[in-house]
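Two complexes are shown next, each including chain A; its partner changes from chain B in the first to chain C in the second.
Right, the complex of A and B next:
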């Protein structure tokens, strides 16, 4: 393998010092001179007509600077996918869930704003509630949105091959149902933003977001501003996992309030508001029918999925497609049929969360494959190896596996976990399970139809040549893209890691679709690599003219110019540099010409030395309706083995060991890749065992806290044996592809399969709380 | 918005009580402040919050005449590491180790756990078994009351207006050989208990139960005790068969409910299973 100076190493994150010392600043840590605080009035009813709104008392409260409702905000519709714009800033005629926004106040402090909100009077006329998606689609049910009389927000029908015919040829067919619960993204930092509208009509929005680009477009559209007048920037962001990948209410409201008052306005969600805004994992009801041959060969899959969408579409159009398309791999599957339905209900809108629409389908199917393996008398790991796709395979729904280290992943976890010694040999109460998964390395298309570049990057050299400024709109939300892109820039140019300074997450720095669909390492990475190579070539070309040495006889490594054909006299350049910088501390020395001396020469010739990079995926195939959801330039894949202990007296599940192998193509930062794997596994543990948003009969979230909505603590996570597989993706920069989301795919089913191994119980409803498992064991013992 | 007052001694507390009618007293605030914060409307909060955690005399642990006096504002973390507690009342640290998380244990106090009077209070089963006596003070003086009489129901303790809990008294001379606490929660930290059980047992050298005290959390409006279960176990070994015989008696002693964390049926079965699990001590004379 090629030796690299920077990438493929374990360099510390660029923001490590700021994060570990607490110096890192998040949006809510920031203040602006003369700043106002905004607060929302949200509906206490899940479905009601608005008869009357009276804001007069709120307006009279001292300290209140503005009160806005739909009357002031207008009724421009927005959302995530242009195919389903179904939200307005504020509700006009009716409210559709508890938390739906009705009005907002800007005041001199938060307490005044909250008090003013409590003074706004709203008269409602209650409407029948629809909390169950199956009730919602019944004939005669009241329409939550007038345009969708049967409350079906979206439906998808796809068939690849011929499933009914194929099932007739199968030796063994089985059907299973599976259901999860609505999730919360559970990022630690609630959404927060500060909008500043200046006297020249420019709006600067600082926000805790995954996607400055989409927020910029939405804010401009909804508030009627030219896109160029809206700048969106993010400081440190404390996680997103999906729900922060589109514009939210407070971004729009704070901007509106700032435009009207001429003062900066800050708004921050409380944790309860995070649960109400939601946009996280849907509740899915899957019914899967799989047909196989006696030898375990997979023949056909029929997938029927109903989704509880909540009150608005959010990412749901993409979700309902992903709920089908992400079962097209990693196994060779010639026939696949999918019928997906997303229903509106009077609950917080569901959207995207790590692994998007594929996680629950994957959990359902990988558990079913385990059952099938058992019925056929096969080792479940062998069944998977038998059906596994390889590099160059194309799925029935046109996903091209341009690299695919799935077999290597399976072998790595088999050997890394001691599978052969453990499977079938563990005592009662202990179990081992396996599962696989895959995911896109970036959506092949933007969320709106466009020829736009997906990522651009700009690298500018400083006048002294000593600092390389990297500008990107990519969003580091804690996952480490700033680090990875900095490493890529340093590698592409040939300079040291510490010489590159990254500025990111700002629409003024370029175009980047942002941190979602596991896209930035591949897509932003391509743009940065290209920009770095551009800078490198520019410097070498000028140096070549200056020293009369061909470019191909030179190289740049670790910030030094390498002359491949022996020593070159550069004393003229050096003495000039030293003369110009007499009195400064960083004069170049040593036997080699430094990059900064070379960059200084380029500066003298060009004035501005800027490297440019831009990326968009080429034609990715798939001409059928919905092909845009799931096609990607590359696919990451992973396999996991989980070992559990079950306490038979209480149902308590302890995860003893997790062995995870992930094919990320090529690890730019090995520690970061492992971090993403561990984070995915932790999230999967939570979804498998604990997490569930609960509602009362009125549609109110009853557990909107991290006390009662439980994610795993450090004491619940075992150490993870994280194994990196590198398959060298031809469409990725240096061979890199995703790790951010794919790693969660096998976690839930591997846990479920391990629980079965330990107890003989197949649980088909998440989360598998101690109580759920215990009661299932009790039920089984009765029989 | 409320004022938060931080009196430095009891005298200052009484002065505050004299001046303000609507006061809410707290120490670590791990329970109360969360409740206040979740109802974000400003004027629903009381006029004055009185925080007791700066009162030195409520923060020490001392020994007097074979009894240990724990100031009401001693934190769980401090109790966990205190030799007097560790050596004399091991069941208490066993319970406190499972309470909340390190930050919660650093802030939360024993007095707070008692006055919150939650059936899920992790310290409470142990305190019931240790016959904790509570010292309640007001401007008029002090009174002493056993913990079982002080806690009346979920969230309801026998504290009159103008009174505060200032100390918890524990008797040192107990000769139990097994000090046991087990909690079933929904994760390993920061989980409110679904069912818990504390046990103090003295086994003879032949493994026969000479003395036994049992208490269950989260399965009744207050901590559940059962002298019937205790009586039936005395004079017998801690075998599965013997413990199973006690199951119907336990059933009569508890009255769990369905709530957001678990259903009654699960709590009931698990409470019994926790009892039967004491058979792990059968043949062990010291834990």
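Right, the complex of A and C next:
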């Protein structure tokens, strides 16, 4: 493999010092002079008509600067997908879940704002509650949205090949059901924002978001501002995982309040409000029918999925497609049929979360494949190897696996975990399980139909040539994109890591669709690479003219100009540089011409030295309806082996070992890739064993805290053997593709398969709490 | 963000002064120790005392004093110290073990033993081992003390025998008699930051190294309105030779002694079954401890 100076290494993150010392600033850490605090009035009822709103007492409270309802905010509809704009800033006629927004206050401090909210009087007329998605779609159920009389927010019907005919040819067919629970994204930083509307009519919104671009568009559209007048920027963000990938209520409300008061307005969610706003993993009800031949060859899959959508669409239109399109691969499967239904209910809206739409389908299917392997008398790992797709294969739904190290992943975890020595040989109460998965490396299309570039980048050299400024709108939300893009810029130009200064997450820096669908390393990376090469070429071209040496006879490495054909006399350049920078501490020295000196020459000729890069995917496969959800320039894939111990007398599960192999194409920062793998696994452990948002009969979330909504602690995670597989993706910068989400795909089913190996119990309902497993073991023992 | 309601804060420097201040607040004052419970409830709006009285400045409230035949623990001692102190780890390790599974390091560095007792949560971690050890609490009002066995202190969730203007000033724990073994077993969803699904504290004392059980205490937690004695289990243990069979019978009886509810952390049926499993394990561990001494 080619040697690189910067990429493929383990350089520390650019923000490591700020993060570990606590110096990093998040939105709620920031204040503005003259800033007001906003607070929301939210519905205490899950389904009700609003008969009357009286804000007069709140308005009279000293310190209150503004009170707004739908009357002031207007009724412009918005959402995530233009096909389903079903939200307004505030509820007008009715409320649809506990937490639905009715009014907001801006006041001189938070105490006053909260007190004012408590003074707003609302008269409701309760409506029948729909908390169960199957009740919601029954004939005669009350419509949560008038335009959707049977509460079906979206349905998808797709067939590739001919499933019914194919099933007739199968030796073995089985059908299984699977269900998870509604989840929370469980990012540590609650959503927070500060809106500042200035006297020239410019709105600057600082927000904890994954996608400054989409927020900019939504805020401009809903508030009726020219898009050029809206700037959205993010400081450090403490995680997102999906729910922060679209505009939220407080971004719109704080902006509205700032426009009306002329003062900066800050709003921050409480943890309970995070749970109410939600937009995280749906509850899925899958019924999967898989047909195979005796030798284990997969022939057909029928997938019926019902989803509890909650009160609004959010990302749900994409989710209902992903619930089907992310099966099939990574196996060669010629026939696949999908029927997906997303229902409205009177619960917080569900949206996107790591592994969007595919995680629960994957858990259901990989467990079913394990059952099939057992029925056929095959090793489950062998069954997977047998059906594995290879580089260049295209799925029946037109996903082109332009690189695909699936086989390498499977072999790596087989050998890395000691699978052969352990499978079938562990004592009762100990188990080992395997599963695979794949994921898109960036959505092939923006969430709105557009010819837009997905990522742009700009690299500007300082006049002294010593600093390389990288500007990108990509969002580092903790996953490390600032580090990866800095490394890419340094590599592309040939300078040192510390010479590049990254500025990111700001709509003023360009267009970037943001941190979702595992897209930034590939897409933002392409733009940055291009911008870096542009700068490099510009500098070398000027230098070539100046020193009369052809460009191809020069190179840039570690911030030094390499003259391939031997020594060159650059003393003129050097003495001029030193003369111009007399008294400075960083005068160039040594036998080689520095990039700094070369860049200075470029500055003399051009004044401004700017490299430009922009990326959008080329033509992707799929002409069928819904092909836009799932097609991607590249696909990451992974395999995992999980080992568990089960306390047979309590049902308590301990994860002993996890061996994970992920094909990320090419690791730009190896430590960062491993970090994403470990983070995915940790999230998968939580979803498999603990996580569930619980509701009371009135539709209220009863566990909106990290005390009773459990994500794994450090004591619950085993050490992870993270193995990086590099398949050199032709559509990725330097061969790189995703790792951020795909790594979660095999985790849940690998755990389920290990639990079966330990106990003989197939659990088809998440989470597998100790109680659920214990009761299932008890039930089995009765028989 | 949740905000605290307004309140006045007192930090008296003697217990007598504390009693006086608390008496003056009538029923509108509350003692604050670590604040891990009261601050949360105040932020949620469930409690809004007009006055908070801290004991932190009073000498001796955060220490452990050895006395003849036992120790006196100050109510303001933070939970982390129950694990750190040599004396606790060596002689009263039942309490150390329970303390080590209470919340997280952050909580253990703030929460106090007194707070864990007085808040009277049915799943609190420290009352079961303290009851198993036969601890007594000393309460003070208007400068006068009274002593109560912890067994008689709890009434129900959040309810105790303490009067509104009374202060828990001491916890007294006797040295364990010879040939005593004990254990605290807590079933949790995850391995930290947990309130028990079910917890069991057990203490058995033999009359001689290979003798019969002279005294037995089996305390069940999170399966009733307060930590309770598994009375029928204790009854059949006393006077018998400790055997696996006896422990199994006692464990089975313990599961009939509890009255769990189904709540957010677990179902009643599961909890009953777990009482049996955990009691059996705790008894076996206690016996092993005696044998290995």
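Quick note on the criterion: the second predicted complex is superposed on the first by the 783 of 783 C-alpha atoms of A that agree within 3 Å, B and C clash if a C-alpha of one lies under 4 Å from a C-alpha of the other, contacts with A are read in each partner's own complex, and residues count from 1 in each chain.
What we mean here is this: a contact is a pair of C-beta atoms (placed from the backbone, for glycine too) under 8 Å apart; a residue touches a chain by one contact, two chains touch by 3 or more.
For clarity, every value in this text was computed on a predicted model and none was experimentally measured.
Peer 1: Consider chain A as the common anchor and indicate whether chain B and chain C clash or fit when overlaid.
Peer 2: These partners clash in the superposed model.
Peer 1: Which of the two partners, first being chain B and second being chain C, lies in contact with A:715: first, second, both, or neither?
Peer 2: After superposition on chain A, A:715 lies in contact with both partners, chain B and chain C.
Peer 1: First (chain B), second (chain C), both or neither: which does A:595 touch?
Peer 2: So A:595 meets neither chain B nor chain C here.
Peer 1: Once the shared chain is lined up, is A:509 touching chain B (first), chain C (second), both, or neither of them?
Peer 2: In the superposition, A:509 touches no partner, neither chain B nor chain C.
Peer 1: With both complexes superposed on chain A, which partner does A:268 reach: first (chain B), second (chain C), both or neither?
Peer 2: Once the two structures are laid over each other on A, A:268 reaches chain C alone.
Peer 1: State whether A:707 touches chain B only (first), chain C only (second), both chains, or neither.
Peer 2: A:707 sits against chain B and chain C alike.
Peer 1: Look at A:118 in the shared chain and tell me whether it touches chain B only, chain C only, both, or neither; answer first, second, both or neither.
Peer 2: In the superposition, A:118 contacts chain B only.
Peer 1: With both complexes overlaid on chain A, does A:649 touch chain B (first), chain C (second), both or neither?
Peer 2: After superposition on chain A, A:649 lies in contact with both partners, chain B and chain C.
Peer 1: Just which bits of chain A does chain B share with chain C as contact spots?
Peer 2: 111, 114, 270, 649-650, 652, 689-690, 694, 702-703, 706-708, 710, 712-716, 769-771, 774-775, 778
Peer 1: Spell out the residues on chain A that touch chain B in their complex, using ranges where they run on.
Peer 2: Residues of chain A touching chain B: 111, 114-115, 118, 270, 272, 649-650, 652, 689-690, 694, 702-703, 705-708, 710, 712-716, 769-771, 774-775, 778.
Peer 1: Touching residues of chain A toward chain C in the complex: what are they?
Peer 2: So the residues of chain A in touch with chain C come to 110-111, 114, 268, 270, 649-650, 652, 689-690, 694, 702-703, 706-708, 710, 712-716, 769-771, 774-775, 778.
Peer 1: Once bound in the complex, which stretches of chain B touch chain A?
Peer 2: Residue positions touching the partner: 1, 34, 38, 40-43, 101, 184, 186-192, 194, 260-263, 265-266, 269-270, 273-274, 276-277.
Peer 1: Contact residues on chain C for chain A in the complex?
Peer 2: 1-3, 104, 187, 189-193, 195, 197, 264-267, 269-270, 273-274, 277-278
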